[in-house]
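Two complexes, one shared chain (chain A), two partners (chain B, chain C).
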Partner chain A sequence: MDFSIFALLTQDGITNGAIYALLALALVLVFAVTRVIWIPSGEFVAYGTLTLAGLQLGRPPGTIGLLIGMAVVAGAMEVYGCARRGDARQILRQLLVWTGIPLAIAGAAWWLATPSLPFWAQILVALALVTVLGPLHYRIAYQPLAEASVLVLLIVSVAVHFALTGLGLWFFGAEGSRTPAFSSETFQVGEIIVSVQGLFVVFTSIALIAALYLFFGRTLFGKALRATALNRVGARLCGVSPNLAGALTFTLAALLCAFSGVLIGPITTVYYDSGFLVSLKGFVGAIIGGLVSYPLAAAGALLVGLLEAFASYWASAFKEVIVFTLIIPVLLWRSLTSHHHEEDE
Partner chain B sequence: MHVRKLLPALIAGIAMVAGAAQAEVKVGVTLSATGPAASLGIPEKNTFELLPTTIAGEKITWIVLDDGSDTTKAVTNTKKLIAEDKVDVVVGSTITPNSLAMVDVVADAETPMISMAASARIVNPANPKTKWVFKTPQSDALMADAIAVNMKANGVKTMGYIGFADGYGDGWLAEIKQSAKTAGINIVAEEKYNRTDSSVTGQVLKLVTAKPDAILIAAAGTPGATPQKELVARGYKGRIYQTHGVANPDFLRVVGKDGDGTILPIGPMLVYEQLPDSNPLKKTAAEYIGKYEAKYGPGSRTTFGGHAWDAYLLLQAAIPEALKKAKPGTKEFRAALRDALESGKEVVATHGVYQMSPQDHNGLDNRARTMIKIDNGKWVLVK
Partner chain C sequence: MTARELPFGTWGYIGFLIVLAGLPLVAPPFWVTLGNYVGLYSIVALGLVLLTGVAGQTSFGQAAFVGLGAYTTAVLCTEYALSPWLSLAVGIALTTALALFLGFITLRMKGHYLPLATIAWGISLAMLFGNVEGLGGHTGLTGIPALDLFGYEMRNERFYYFLIWGIALAALWATDNLLDSRPGRAIRALRGQLEMAEAFGVDTVRLKIIVFVYAALLACVSGWLYAHLQRFVNPTPFGINQGIEYLFMAVVGGAGSVWGAVIGATLITLAKQVLQDVLPTLLGKSGNFEVVVFGLLMIIVLQRAREGVWPWIAHLLPERTPPPVPDAEPLAARDKAPTAGPLLEVKAARKQFGGLIAVNDLSFTIRGGEILGLIGPNGAGKTTMFNLISGALPLTAGEVVFRGESLGGCKPFEIARRGIGRTFQHVRLVPRMSVLENVALGAYLRGKAGVLRSAMRLDRVEEKRTHAEAARAITRVGLAAHIHDAAGSLPLGRQRVVEIARALAADPALLLLDEPAAGLRYLEKQELAALLRQLKADGMTVLLVEHDMDFVMGVTDRLVVMDFGEKLAEGVPAEIQKNPVVLEAYLGGV
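Moving on, here comes the complex of A and B:
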């Protein structure tokens, strides 16, 4: 192995690591606020790429159908809830929020999905479509069980994962897609060839992480989410609605995942079921951060990316084995260093 | 009272009529229309929707089940088709692991089976179990040999290999090692990757540093494009070979201009328009592809659907023979159908000309392969 190969592999590892880092952040965020281990995060990555690829072909992507279906179900659940509480005034408002807004976004995307749409607008439309699925699937699958134990929520996650994978096959088909690169330029620093695309991925990830940091530190909604993460009951007593916190968390997390999808599209071919493996690697990163620490999770994800790049060079047949075996020493180390406390739920 | 007495007779009468109506040939199909092999299974499923409901004046019922690319489900489906639907023949499954698992089930039930999966291990070696099993796709060995012959003719001395880290890739690696040895070609690098990998940079760098004259990518469907695009991006200038697993329009869409110049072996049906008129396959392929594209759109043809159509053509030839000997739904009919499939009569199909024998339950020869290359996003016959 000479230096140029080392540099290329490092670059590849960091690029992938940056994408895993976004996923790791989304997983930590969701777990901290709602205690959901969000297995379907990978589906949102795949949906992000496939939606953008669909828009690229100049036709309305399958996501629109899914969005309409979920909006109708969520609206119906809200109406039923309001009717049972006898709260007639709320019905219209909830219908507007849960069905009206998603349908408006779906309609706008349908109208915009023409071949003449510029690339940056296609990205925005794809992000909007996939992001709205986040709170919708939270409302349908998780919110009715929000007080259940972590284990129950995990099982719900597995079910949602399988449902979304199946729907992905239905809406996007079995074959994969790629999206064009933001830039195919490369430039040379000394002996190293650096791709602009890779830099773009890394800097976008850093920018998103910084934006999240500001959101949680400086805004009211961010502080409310942090309060819920620290103490659900206490936050509720202070007037933070757990349902709103959940929906907001899933919106943010879905946005992060959809963005990963847009970033990963030009690097590899994405299939309706590609997301699972990507999200598992993000999960390994999140576990390194103990599912609580954002910086540690991001660092862990970067480590996963680098390990994967070098493993694929030295022992491609055992690449996944090496990456996922990483979790065992990490768990050992964490269980030895952290204080154990029973979950009392 | 009269009516009451009549009732049992009436029921018996209806049962007899129903029994007579049941004298139809039932074909049970299990294929992988969902799961990882969905891109292969969907065109097969589409093909079964085109099939006629009578053969030689006898009613044919096609019962199509999805096994989700899952081995256990394929076995369950097979058991269900045999025990509940009492089928006369099983067609399927799409992929090798499923088909291998089904062999025991059909052999126990003495029901013939036609697999649409590639591996030669499904029908070889001939023994009392595989006696009941036939398959339509070309074996990997036939295709690997075609690649090695083409490489040798073009002066290739060393080759690199990158393929799926699964049964498909391992099967191809074993076959190409054999064929390369025969052709005197040295394999200098072997790499593996997964269908859903987000990057193959490491593997491709290792391949490129070994500087082989040619590289073979053993993958099925669009995942075959991932290493190909990476090879082009890393400036690899040698010849790139793919396997017949990638021959679908989605592969061309995803690989784009990076695919130009790629060479692969294929069943002749895919490029039937470019075949000489003297080729007997041209007519059968034109009929099948004409019907398929009329329903699913121009350019929608795949070789996988062709394997399903060939299974139908084999049955179309064998069922009339078996009907002469026994009634459908009986053990004797199933045995007669098996004998008819093995009879050695030539069947001109879309992928090749089948001539089965007790030793060869695939029955294809060199007429079932041709080399094509990608030129400007189109499949072009290599002359």
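Moving on, here comes the complex of A and C:
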């Protein structure tokens, strides 16, 4: 391997690693606040790419149908919940939040989805559509089980992953899509050719990571979310609603994933079921950080990206095998360094 | 719950067996094939019932173990012309080694690492099957020979059906036996009661690994059967999606019962068959749309019926009253002959948490046959001192000597083995197990039966003696009327008494009670006091940690009063009641 190939692979690895890092952050964030191991995060990445690809064709993407369906179900669940509590006054308000707003966003996206829509606006519409799915799927699948054990929530996650993959096939079809890059320009530093797109990916990721770090470490709201993670009842007594915290966390996490989808679209062809492997790579990174540390999770994701780039050069057929087998030494290391085994829950 | 406790009448069994045995004789080939698959899936799901429903761990990678069993026999039988029976042994050895390794690295950590790891290596293994040269790539391996049973080639699916279901029923029988045994009680405590199980001598990490290996072996056997049924293997049925479906089978059927595995496997297999036919026509598109239905079904099951389908069926069956526990020879009792000096001696015990000194050079002794009360206001360090004796916390300095032997550095189960029984401040019972089974768990260290012996039902003599021993402990504390009730259905006061019975079943020389009166009503406290007096009359030594003064004054022989981690006073109750320093600490001065 000569230096130019090495440089190319490293650049590839860092670019992919930066995307996995965003995903790893979303996973740590969701786990920290809601104890959900968010397997379906990958579907949000795929939806992000496929929604943007749909808008590129100048027609309303399949996401709109999915959004309408989920908004109706979430609204129905709220109405049922209010009716059972005998809380009639809340019905209208909850309907507005869970059905009205999503439908308004779906309507706006429908109206905007024309061939004349500029590229940056397409990205915004795609992000908005996929982000709204975050709190909606939380409301439908996870919120009724918020007090359940991590294990039950994990099984729900896998069930949601199954459902969203099948729905992805239905709404987006079996064909893969790519989306255009923000920039196809390159420049040369010494012998290395650097792509502007790659730099953009890396710097956006770094900026988002820093923003999250500050949000959770420095703001009252971020601290409230962390408190919910530690003790739901305690947080409720202090005036933090766990349901609101969950919905907001999933909004933020869905946005991160949709953004990853927009970033990954120009690099690889994305199919309705591509998300699963992408999210698992994020998980390998997040596990390196023990599912709690943001900086370690990001570093782990970077390692995954690099490993993947070099593995695809040396043994492309075994690329995924090598990446996923990495989890074994990582777990071995974690298990040998953590002395006491912990009680579940 | 086990089948023997379950309301499952003999007629239910007979009916099930008739339908099962009759199917291949009368049904068209298509149904026989389905029946074969249900059998194969049931074997895998059964392992998940034990792992997920009972032990509270889970795996999404069981399909990879199935693949390991299938590919091992495929390669060995075609390339090396080995006998399928020998290749089964090789498959079992390989699976055991892999499961031991994976279990060792993941089961020492929190519950969610195992499932995440199983997803990752489940994908890896399935990809290996598809990419390694010798394994035939994505087209797979053909020409696997049929099984040879006593010189008869099992090529006919109808005959093969009996082999599959013979093995499936044997696995059901063995798993059900296992749940109703000494290791079974410990396995059922793994879900959420690790600290309690350890205090009674269970090596929980080892047991979790054993359960994981057991589930993996069932999957491997299913794979071996599959390979010789199809006589052809390719990577598709061993992928991660199939692994997830196995878990769905166990959860939908009801992961709390061995029958849930069969019901779940049947329901999911039939549903898949129907949905794969109906959905594409209905939607006008081709594709795996049944995953949407399965996903939604799982979400609804987990939200609305966490126990799956089985409880509804169990509810319909006639209830069977469990028979009275027959008397049997007692288990070996420990030597409780008095030793020279006090039974337990605490010498300048010290516990520091960072800068906080919770117990500050405390010394006291417990003489054989007395009830010693350790009292003090909230935050005095009583529970910390308790944990130093029970081994739940290590000493910073000082020594605890029991029957002339230092307990320094002993783990909780080693202390239990030396003859110190304990109860917990927050009741730690396995709520769905009967009072009898909970108390029998206390005698864990007095039995020997392992997983294999229990699964083969060779543990009955010991089991009978354990049950009789537990029943005696229950009678001793006055709960004979509730012996078969689920422990979780009793009021708190009774649950605390069950905890005492469980500690008694361990045949202790010293009983440690951690705030047994907390949260009890007046009458319950009086009953508890009477029980303690009776235990003392029988010669039991008790250390009672309490802050309820009235209760303690009535039952103890001597008191040690603690405040801020130090000994404030020591003496008989009447003296302590008049001691001005104690009154000051409790009432803030009179």
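In this section, the second predicted complex is superposed on the first by the 334 of 345 C-alpha atoms of A that agree within 3 Å, B and C clash if a C-alpha of one lies under 4 Å from a C-alpha of the other, contacts with A are read in each partner's own complex, and residues count from 1 in each chain.
The rule is short, and it goes like this: a residue touches a chain if its C-beta (ideal position, glycine included) is under 8 Å from a C-beta of that chain, and two chains touch if they have at least 3 such contacts.
Predicted model, so just to flag it, every value in this text is computed and none were measured.
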{"item": "Which superposed partner A:166 touches (first chain B, second chain C, both, neither)", "value": "both"}
{"item": "Partner chain in contact with A:175 - chain B first, chain C second, else both or neither", "value": "first"}
{"item": "Touching partner for A:123 - first (chain B), second (chain C), both, neither", "value": "neither"}
{"item": "Partner chain(s) touched by A:278 [first = chain B, second = chain C, both, neither]", "value": "first"}
{"item": "Partner chain(s) touched by A:309 [first = chain B, second = chain C, both, neither]", "value": "first"}
{"item": "Which superposed partner A:158 touches (first chain B, second chain C, both, neither)", "value": "second"}
{"item": "Touching partner for A:150 - first (chain B), second (chain C), both, neither", "value": "second"}
{"item": "Partner chain(s) touched by A:317 [first = chain B, second = chain C, both, neither]", "value": "both"}
{"item": "Shared contact residues on chain A - chain B and chain C", "value": "166, 169, 174, 276-277, 317, 320"}
{"item": "Chain A to chain B touching residues, read off their complex", "value": "5, 8-9, 12, 15-16, 19, 166, 169, 173-178, 264, 267-269, 271, 273-274, 276-278, 308-314, 316-317, 319-320"}
{"item": "Parts of chain B lying in touch with chain A, wherever the complex brings them together", "value": "34, 36, 38-39, 41-42, 165, 191-203, 205-206, 209, 221-223, 225-226, 229, 248, 250, 254"}
{"item": "Touch list for chain C against partner chain A, complex", "value": "52, 56-58, 60, 102, 104-113, 115-117, 119-121, 123-124, 127-128, 131, 191-192, 194-195, 204-205, 240-241, 244, 247-248, 251, 283, 285, 287-299, 302-303, 306"}
{"item": "Chain C-facing residues of chain A, complex", "value": "37, 39, 140-141, 144-145, 148-152, 154-156, 158-167, 169-170, 174, 276-277, 280, 283-284, 287, 291, 317-318, 320-321, 324-325, 327-328, 331-332, 334-335, 338, 341-345"}
